[in-house]
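Next come two complexes built around chain A: one with chain B, the other with chain C.
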Partner chain A sequence: MAIGVKVVKRPEREVSYLRATLQGMALTFSHLFRRKVTMEYPEEKSTPEWTISPRWRGTHRMLTDEQGRAKCVACGLCPQICPANCIKLVPGEDEEGHRYPLIYEIDEFRCIFCGYCQEVCPEEAIHVGVHYENSEFERGRFVYDLERLCAQTHPVSTLWDPSDPKGE
Partner chain B sequence: MSEKPLVSLTIEGVEVSVPQGTLLIEAAKQAGVVIPHYCYHPGLPVAGVCRMCLVEIEGMPKLQIACATQVAQGQVVKVMSEQALAARRSVLEFLLINHPLDCPICDQAGECELQDYVFQEGRPRTRYTPAYPKRFSPVEDFGGDVLYVPNRCILCTRCVRFMDHVAQDSILNVSERGDRAYIGIHPGRKLDHPWAGNVVDLCPVGSLLSKDFLHKARAWELDKTASICTGCSQGCNVNLDTRHNAVVRIRPRPNLEVNQYFICDYGRFNYRWMNRGDRIEAPLVKDREGLAATDWDTALERAAQILKGADGKAVALVSPKVSTEALFLARRLLGRFEWSGYFRLERVDGEIPLPGVPNLALRSERAPNGTGARLLGYGEDTEGAVPALRQAAVVLVLDDPLDWLSADSLSEVENLIYLGTVLPPAARGARVVLPIANVAEEDGTFVNRDGRVQRYFQAKPAPGMARPAWWVLGQLMEETGAGEAVLSAAQAFELLAAAEPAFSGLSYERLGLKGALINAPERVEVSR
Partner chain C sequence: MSPELKGYLLLAALKIIVVFTAYNLGVMLVIWAERRISGFIQDRLGPNRVGPEGLLQSVADGLKNILKEETIPGEADRVLFFLAPVLSFIPALILYAVIPFGAPLPIEFDGVLPWWTIVGPLLGHITIHGPVPMVIADIPIGLLFILAISSLGVYGIVLAGWSSGSKYSLLGGVRSSAQMISYEIALGMAVISVFLLAGNVTLSEVIAVQQESVWFVLALTLGFILFVIAAFAETNRLPFDLPEAEAELITGYHTEYSSMKFSMFFIAEYSNVITMSALMATLFFGGWDIPFTTWDEGEPSVAKWAATVVMFALKTGFFVFTYIWVRWTLPRFRFDQLMQLGWKVMLPVALGYIVLIATVVWLLDRAGVERGVGYGLILFAVNLALVAVFLWGLDRGRLLIGASRQRARVVS
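After this line comes the complex of A and B, so read on.
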């Protein structure tokens, strides 16, 4: 059974792609003269238009006292508050009778970066950091131990804007 | 009980009737109102020094301390009135002048009454300038298990009164006066009384600390399970505090009929064995090369074969630390045989009483369920056990370490079935080894020396494939046709209550958390 085939003639001006190509090129060239919105990461990490927020919550940092010891007193509030259960803490006592963490580990893979640990810390020891470059060659390296947390140097998060604590 | 006339009074709008002579603070508990207090403790004489329990009583010109005021007919007591609250807030403010802000490192945090009441009704801020240097005194070692942190002390004198009136070894006092006062210890003495650990529990703040528990866990991480102390035949009620499935401390659980509010230090530190790591974790059956791990079905079937194939005499060697249910089911399992059962009890010369509490001591019989074993027909005749073993067709061991038997007395035993938590060398000759749960890992009951049946509860999971002894014995009963499988500890106790007149009428529900006496106390051979 023959099928009725209707042959439609294509309009002349659409047969050639030249017109559309030139239109596209024109658009591309016009962008050369517009304001640049990209940044040459990683050579360039912030621009006057874009800087990382001081309230950014990134990988952790443990602050230290003047002697270089962690400020942490192993009170156990951060593992308690942590919704992701990513902090491991074993308390101990040093020679002077001070309570300190024997083991303090944060699993950064498990962490959801809520910042509760920083908020709950009575000693202002553990902080989330203003930091986002965390690549490693091994998964195991993402469990940060106390030494690693103390050695971090990136700025710490302010969590909220001091002039506008309620975020209004 | 002496019949005192009842007195009706109103506390915070709730009307209660209590016997004459009751203290207001106790009457308030019945009205559902906890009046904040530090120095008052029901197990100690009233001191009235902390002034925390001030309440307003209508018709009285000044506030009264609820811990030293007796109830009177028609009294109207206001605990939360403006005046009472203001007074208590002031007391808290005084207490906090020198109290350090070290809750993050204080072991008491989370179960601290100062913390609780300050949160409840205290002032939010100090009126002292930040420049005010708080009084500081170094931590003092009181000896024994106790550390004293003077900075945190609120001078409630509970510890002093415990040592004076309950332990009756007056070695603590309040030294100095006024704001220099602190708890002093008799020079040259140590706080090493065998019951001294109770001062740590009594301390409402973190001033007296247990060295054993120091920095081990935070209060809010602990799960508390009602249990019975396994240290001696006294059967003190305790709470097992567990963290990450390990028992980290034992604290007394009030039971006025047994131990009131106290436990001895021996019982307090007798928990490490509950966490031991060398437990049997899988059923073992003997093949040509020795004991090999297998599954429960195989092991139970093998044990049932042994039991069914044997005839004549059977001997059960049981530990007086296993539950009454397990003792009973072991006996029922061997009911088909000519049966005899033995247990060995560790005895220590002399008892260590707590003088202030009648009928409370660390007993010489250092096992919790000797009475239960005797009631169920097990004999303490360890001499008689050796010849009985020689003639036995089957020997069933229930968690006995077997270290009191000479090596050759078991070597002739052909059919040895060992139910235990750990595998002692002497049990390596067993044909079947079945792993069972220990006291922290199962529900059960013990019978104490006064014939009080008391329940204990499961505090942590058993390691590996270990199961409660009542379950294992119930399965064996089903396999050998001696009875039906037991599905719960409560059901095991029902079977026991149905079979034993001493336990008839008792059930887990009736025992509750305080226990109940068996029916025929005169049957209990009490060894004193």
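After this line comes the complex of A and C, so read on.
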């Protein structure tokens, strides 16, 4: 069985196991003293090299007006556009004819964090947030109601702007 | 029992307890060091959460492993399966019994120990006289004992591979036996060169000879290099960790092991590393000898004892560091390369080396050169030349050729 294997003639300095070993040892030794890239997470949440992106889409936040009421006017656009069907909205109306949400719930487990709700909202009320620490003791706690959504304080996500694709 | 015998027994028991404890603490520290240093080499931090700088990481891991479920494969040979982890751990521990770890400690005691020592009143009158050698058993066959026991370590691995009833484990065991047998010879040959100079196989005598002349790393440089390579193979550490080989054998012989039995293999690996490092320090780096001074060789005192113990720990620590450093630098050999290196390089070189060193020693003795520093330096010069030739040959000989090259030679 003649398999033609072409053997490349290389100089010693390229094929020597010994020299490669010594070079490798020197390299690993120099790495012992280099600056470490580890970010010690719970204590350090951002370093000069890495901060969370302002376009990060995390758990939602409902913005409120001056009186502390939710800005939402219960137009129904967000449950309409939501691809995961995770927003539950029951509209209500007060004596003056202002619409407001009677029930507004987002199931964060169903949510796929596409950010369409924020994009579609005419009142800039519902937003996805720059937030990622969401642990709870019960599954039920992941259905955020209106009160909880209004009480969130984390920064809201900056949506991608087609006219300014790099966010400048 | 005479008071002297009682004193001797008490001291022996104390030494065993202290050395056993220190040794296991050392294993814990080495495991921690391995993980931290590997982290540093990879620009990470490594475990640093449990205790200060992560020092207690091994304790946490040990606790976790004790609490884990033990699985025994249905195919396993139960007796051997239980015996194997023990068998791989014990030889490393026994080996340590003959390695001296410090200058003798002067203790003079005659009477009854106070009641709070608990054993004091039970023992009654005891006598401890004169400098106590800092070695558990300074047996007259020290080096032979080491050669005999260190080859027992392979049984643990082979039995583990055999009794698991798994093909990967068995392959690991088979590789291990082949590897250990090949490198055992080179290891023994390297040690024989130490016999030639020390003229004695007791380890305390080996150290004494090195104190009088030069460290054997100078007088037997090539022997030291051979010993180090063989020791790496003996302890199954990278680049010779073929019995474990995560990639192809799924950690080889201990694939089927879980919980504390797995931990035992882990501990055994690191205790082997410590023992081999201690041996390198003892055989070639003067043991507990402090270099550039003769202060430590005079009348025994507590200060000398403490200083020499620290010195020995430092030397051992240096070799342990080298082990870790090499592990995180070099990739694993292929099995045929390993065998090639063992049989075609290590064995002939070691054999030729013994002949050469024996000839030089004979010639020097014939010429009437005093055994001392000058004698050592002449040998050092000879060794430098030998090392140069050896390295030149390794560098040029293409001893580690690729599989494609071998086939190409057959074809053409």
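Following the convention adopted for this analysis, the second predicted complex is superposed on the first by the 127 of 168 C-alpha atoms of A that agree within 3 Å, B and C clash if a C-alpha of one lies under 4 Å from a C-alpha of the other, contacts with A are read in each partner's own complex, and residues count from 1 in each chain.
Please note the rule applied: contacts are C-beta pairs under 8 Å (C-beta built on N, C-alpha and C of every residue); 3 or more make two chains touch, one makes a residue touch a chain.
Small disclaimer: the values here were computed from a predicted structure and weren't measured.
Engineer: A:N134 in the overlay: touching chain B, chain C, both, or neither? Say first, second, both or neither.
Structural biologist: Touch status of A:N134: no partner.
Engineer: Should A:E123 be classified as contacting the first partner (chain B), the second (chain C), both, or neither?
Structural biologist: first
Engineer: With both complexes superposed on chain A, which partner does A:A74 reach: first (chain B), second (chain C), both or neither?
Structural biologist: Only chain B is touched by A:A74; chain C is not.
Engineer: In the overlaid three-chain picture, which partner chain does A:S46 touch, first (chain B) or second (chain C), both, or neither?
Structural biologist: neither
Engineer: Given the touch rule stated above, what does A:G97 touch, chain B (first), chain C (second), both, or neither?
Structural biologist: Once the two structures are laid over each other on A, A:G97 reaches chain B alone.
Engineer: Looking at chain A, does chain B or chain C touch a larger number of its residues?
Structural biologist: C
Engineer: Quick one: in the complex, what on chain A touches chain C?
Structural biologist: These residues of chain A touch chain C: 2-7, 12, 15-19, 21, 24-25, 27-29, 31-38, 40.
Engineer: Quick one: which bits of chain C touch chain A in the complex? Just the residue numbers, please.
Structural biologist: Residue list for chain C touching chain A: 37, 39-45, 325-326, 328-330, 391, 394-396, 398-400, 404-405, 407-408, 411.
Engineer: Name, in rising order, each residue of chain A that touches chain B in their complex.
Structural biologist: Going through chain A, the ones touching chain B are 73-77, 80, 91-93, 97-99, 122-123.
Engineer: Considering only the defined contacts, which chain B positions touch chain A in the complex?
Structural biologist: That would be residues 103-105, 109, 139, 214-216, 218, 220-221 of chain B.
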